[in-house]
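Here you go, one structure.
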Amino acid sequence: MSVNAEQQAFEPLIVVFGCNWCSYAGGDLAGTSRMTYPPNVRVIRVPCSSRVNPNFVLRAFQRGADGVVVAGCHPGDCHYVTGNYYARRRLSALRRFLEFIGVEPERFEVHWISGSEGAKFARVMEEVTEKIRALGPNRKMRDVR
Amino acid sequence: MAVINPLLPQVAKIVDIKQETPNIKTYRVVSPDGGKPFEHIPGQCAMISVPPVGEALFSITSSPTQQEYMEFSIVKTGSVTDFLHEIEPEFEIGIRGPYGNGFPIDMFKGKDILFIGGGIGLAPLRSLINYCLDTRDDFGKIDIVYGARTPDDMIQKEEIFKVWPKAPNTEVHLTVDNEWEGWEGRVGFVPQCVEEICFAPDNRIAVTCGPPIMIKFVLQGLEKLGFTPEQIITTLELRMKCGVGKCGRCNIGDKYVCKDGPVFTYAELLNLPPEY
Amino acid sequence: MKQLNDTIKQVAAQSLSRGDVDLVIGWQKGDLWWQSYPAFVENEQDTASLTWDPFCVANLSRYLLEEQEGKNKVAIFVKGCDALGLNQLLQDKRVDREKVYLYGIPCDGLVDHRKLEAEGFKWLSEVRKEGKELVLVGRNGEQKVNARDYMYDKCLTCRYPNPVAYDQMLGEAVEAQPEERFASVKELEEMSADERFTYWANQFSRCIRCFACRNVCPACSCRECIFDIPEPRWLGKAKELSEDQFYHIIRAYHVAGRCVDCGECTRVCPVDLPLQELNRKFIKDINELYGEYDAGVDPETEAPLVTYNTNDPAAFPES
Amino acid sequence: MKKISKDKLPQLWDRLAQQATLYLPVEEDGVVNFAPWKEGAAVNLDVINTVVPPKQMVLPQSENYLHFRVDGGKLDLEPVDVDGPYVIFGARPCDVAAIAIIDKLFLDEPCDTLYKERREKGTIISLGCNEPEETCFCTAFELEPAFSPDADVSAWDMGEYLLWKAQGEKGEALTKKMEDLLEDAGADAEKAVESLRNNVASKEAAATKEYGWNAQGVKDALEDKFDSEIWDKLYRRCLGCGVCTYICPTCHCFDVQDFSRGQEGLRFRCWDSCMFGDFTLMAHGENPRPTQKERVRQRFMHKLLYYPSNFDVYACVGCGRCVRKCPVSIDITQVIKEVGGVK
């Protein structure tokens, strides 16, 4: 199977942590508006983007995720007022650190998606899936047992 | 046959689960093709394995004379036991053993035996009690003192209320820690009960299992009654992982509880460092 | 250096005899020339065993977690890096400042005995610091070498040699001559992602999971560490690369913004993992993103990752 | 007695690596540990002790021994086999003696077959020491720095070449396979080894002489020291980390854990340390060793009293790794002297 074909055959696994009040709702809206986005995405609902513990991100990579996305409310819209402000700092520090350890930064992204941006949700999932498909499977951090 | 790895469990099946008390269940275990997974002597233990949670060592509460199955009474108090308390009969588990030295049966032959149990402590004793009752003539008088916090916390209610009292030359003394509505029997801690009944030490062996605090006062009480340390036997419980004296975890001094124990005489305990 | 050695014994004896403190934590010599280890002195006559020499590197502040219990006052000696560690314990509310009496020791760098041994200096009986030099007393007389050549790497980049927290300073302030502390972080940043991954994978695969780096760290003072909690078990006990990575990334992350860059993790690692560089990466990024911040300098200011500004920049595209 | 010139060693290693995994001391980032041989590996035979002892080949830091599959109430179990043959090249006499010491426990009834199989699949080529380290005290436990009776092959570094002496069947078989690379060492080789052995032993004895001690009395000395206040002074500086136990060649305590991937998983055993707080912590919260004092005491009591009373050999070979690597210099030689174990 030629490299290109192999790459086409590779279906990336994307784990998305969606904040309950905005991004998860955005995902719902995309669904109810009959917008399609790639099935490679597995959405896990969290109360807030600041609930995403770096353990979750690393565990996802260990168990075979090729890309991880944290989606939360736009700064200022957070249901808990300051949640995404903390998340912005902590996930920024985590993203740069994962890069330092050797994980391609595209594999871990953070997006602010509000409850009304169903289209943006679908678009982001589409873009991330294509980017990761181009990058190929994530061997780094994966638990091979 | 080739020496098999002592850490390797074999598959066994749980055929019956009896809820004894709010946090204790008794499990009846058989090997896949029926019968006991392996032979054992009273006081020995087996390692129950419930992947992917883990393994834990439990005393075998059934007597070796019971050929059809092996029984374990298990308190819900950790990840393995939590899992065990969730499962239904017909569930398959891993099992390996028997481990430990077991009770020194010859030492009891021709003697009166005083069993003193507290709460779950009756489980290891029951294996020896039923063994003695099934080979009754080898032994003298049997007294069983058993206490628990409340009547609901007593295990093997069928045997302690109905079967054992009817056995030849056998007396059962039950007690609950304090007054309990609907309980007419004796009230008071087990050590108190032992001293009140004032058992004579001559030609008698005392075997006791239960929470450490009970053991402490029972030992004192027995000494007051004139029992020598050689006449008092107990079983110890420590964290045990391998069960075969290799993993270095369950030592008291140079003795490994899983291999040189869990049964010790009080005399043996006295020259072990106080680290259990 | 000799004069400080006497001062330490005096102040300890004094504070114990006057009953100001119940315990003095300092250092004491072992049998070998490079062995100086933490000592716990409760009565006056034992203070004679206290010492100060080029090997008193162990950070004493973490012992307060246990030793402050049930005592009204504990005195400890703090070098520059130790004082930063102590302040971090104060900021994390794990030590009660009222219960601690701090003897500050300005420190111009301590000696890594392995650097001496690497150049054949062995079987010594004593090593003294005299000005900028080390006097090595061996079987065949004394030798002098330049002290800075044999200092711990962490001392070469030390920016706070004078303790930032003290009740009584025991010596003259020294001048900091720090080398660039982010040199190797920058070197690693220039590598490609795969090169960096291979570099760190090789380092982590040497780890034997002894947890010395966690147990020595003044910023790692949780009552129950996440790696010790059986349910949910985040870290398995198997020797597996992905578990080693998980441990080191999360340990570095947990002290991010609170690590005082004292280098004890690198010193105690039995397989010489460059753990300080992991923490320095976080320090460098946090300085760049959210402003210069030195953990442990002022326990009153909030650590960067436990606060925010509404207009913070992000290390990811924000649309 | 055979010999092989040092420049032929890479050839020898290649040959050895063809039939089995060859482990030898390799330096990486300044750390020398046993690692599999591959072309151009930075082999370092001068360092006395690797950081992690060759114990890790007979008792790996973690080894899977059971594969399980759980499906509803069904359980199916399948042992995992021990991997292939290996050769350890360059193990020091103290480390080989340590393996012989833990043999006594693992091969004692009921025999640990995992360990037994790993031992049978291994061949150990020991390399005698020429110089003691400052932290070496193997002579205090009556071991010889330049000779290991339990190795399959004993080798000595004579400068330009190694002397090579097969000991036992495995050693003879291996020597036969390597015959074309080895030459006869000639008549005076035995004498050369003899003088090397005495020279190094006396050098270290002189060094240990500075401490002037032999540790054979420590078991009796410890009999009544359980409540001695030596432990109260010693434990306070201990960080409770696992450095001393994991790099100790005779420490063998292990834990059994499960790794699960949904319905399938692996049960493995892995190193554990009596210095960790949860080593003896029971499910219901009781812990017979609640503070670091009991744990520090247990480590020394086990090595110098309990193990000798069970297997009549001390569980310490005087390699000095714990003395060098303890972050707060808890020093077993100091403990032995303080409890009056010096004869």
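Each chain carries a letter (A, B, C and D) given by its place in the written order, and its residues are counted from 1.
Keep this in mind: a residue touches a chain if its C-beta (ideal position, glycine included) is under 8 Å from a C-beta of that chain, and two chains touch if they have at least 3 such contacts.
Just so you know, these numbers come straight off a predicted model, no measurement behind them.
Peer 1: Across the interfaces A-D and A-C, which one involves more C-beta pairs in contact?
Peer 2: More C-beta contacts join the chains of A-C.
Peer 1: Any idea how many Å lie between the Cα centroids of subunit A and subunit B?
Peer 2: 54
Peer 1: At what distance in angstrom does the C-alpha mean of subunit D lie from that of subunit A?
Peer 2: Using C-alpha averages as centres, the distance is 47 Å.
Peer 1: Could you give the separation in Å between the centres of subunit A and subunit C, each centre being the mean of its C-alpha atoms?
Peer 2: 37
Peer 1: List, in ascending order, every residue of subunit A touching at least 2 other chains.
Peer 2: 145
Peer 1: Can you pull out the residues of subunit C that are in contact with at least two other chains?
Peer 2: 238, 240
Peer 1: Show the residues in subunit B shared as contacts by 2 or more other chains, in ascending order.
Peer 2: In subunit B, the residues touching two or more other chains are 79.
Peer 1: Based on which chains are in contact, what kind of graph results: line, ring, star, complete or other?
Peer 2: It is other, because the touches fit no line, ring, star or complete pattern.
Peer 1: With touch defined as at the start, can you tell me which subunit C residues reach subunit A in the complex?
Peer 2: 185, 188-189, 193-201, 226, 234, 238, 240, 242-243, 245-246, 249-250, 252-253, 256-257, 278, 281-282, 285-286, 289-290, 304-306, 308-310, 312-316, 318-319
Peer 1: With touch defined as at the start, can you tell me which subunit B residues reach subunit D in the complex?
Peer 2: 3-11, 49, 51-56, 75, 77-81, 87-88, 90-94, 212, 237-239, 241-242, 244, 246-254, 273, 275-276
Peer 1: Looking at the complex, which residues from subunit C come into contact with subunit D?
Peer 2: Those residues of subunit C that touch subunit D are 30-32, 35-40, 58, 63, 67, 122-123, 202-203, 206, 208-212, 214-216, 228, 236-240, 264, 267-268, 270-272.
Peer 1: For the complex, which residues does subunit A have touching subunit D?
Peer 2: It is residues 145 of subunit A that touch subunit D.
Peer 1: Can you list the subunit A residues touching subunit C in their complex?
Peer 2: Contacts found on subunit A: 54-55, 58-59, 62, 75-76, 82, 85-86, 88-104, 109-112, 140-145.
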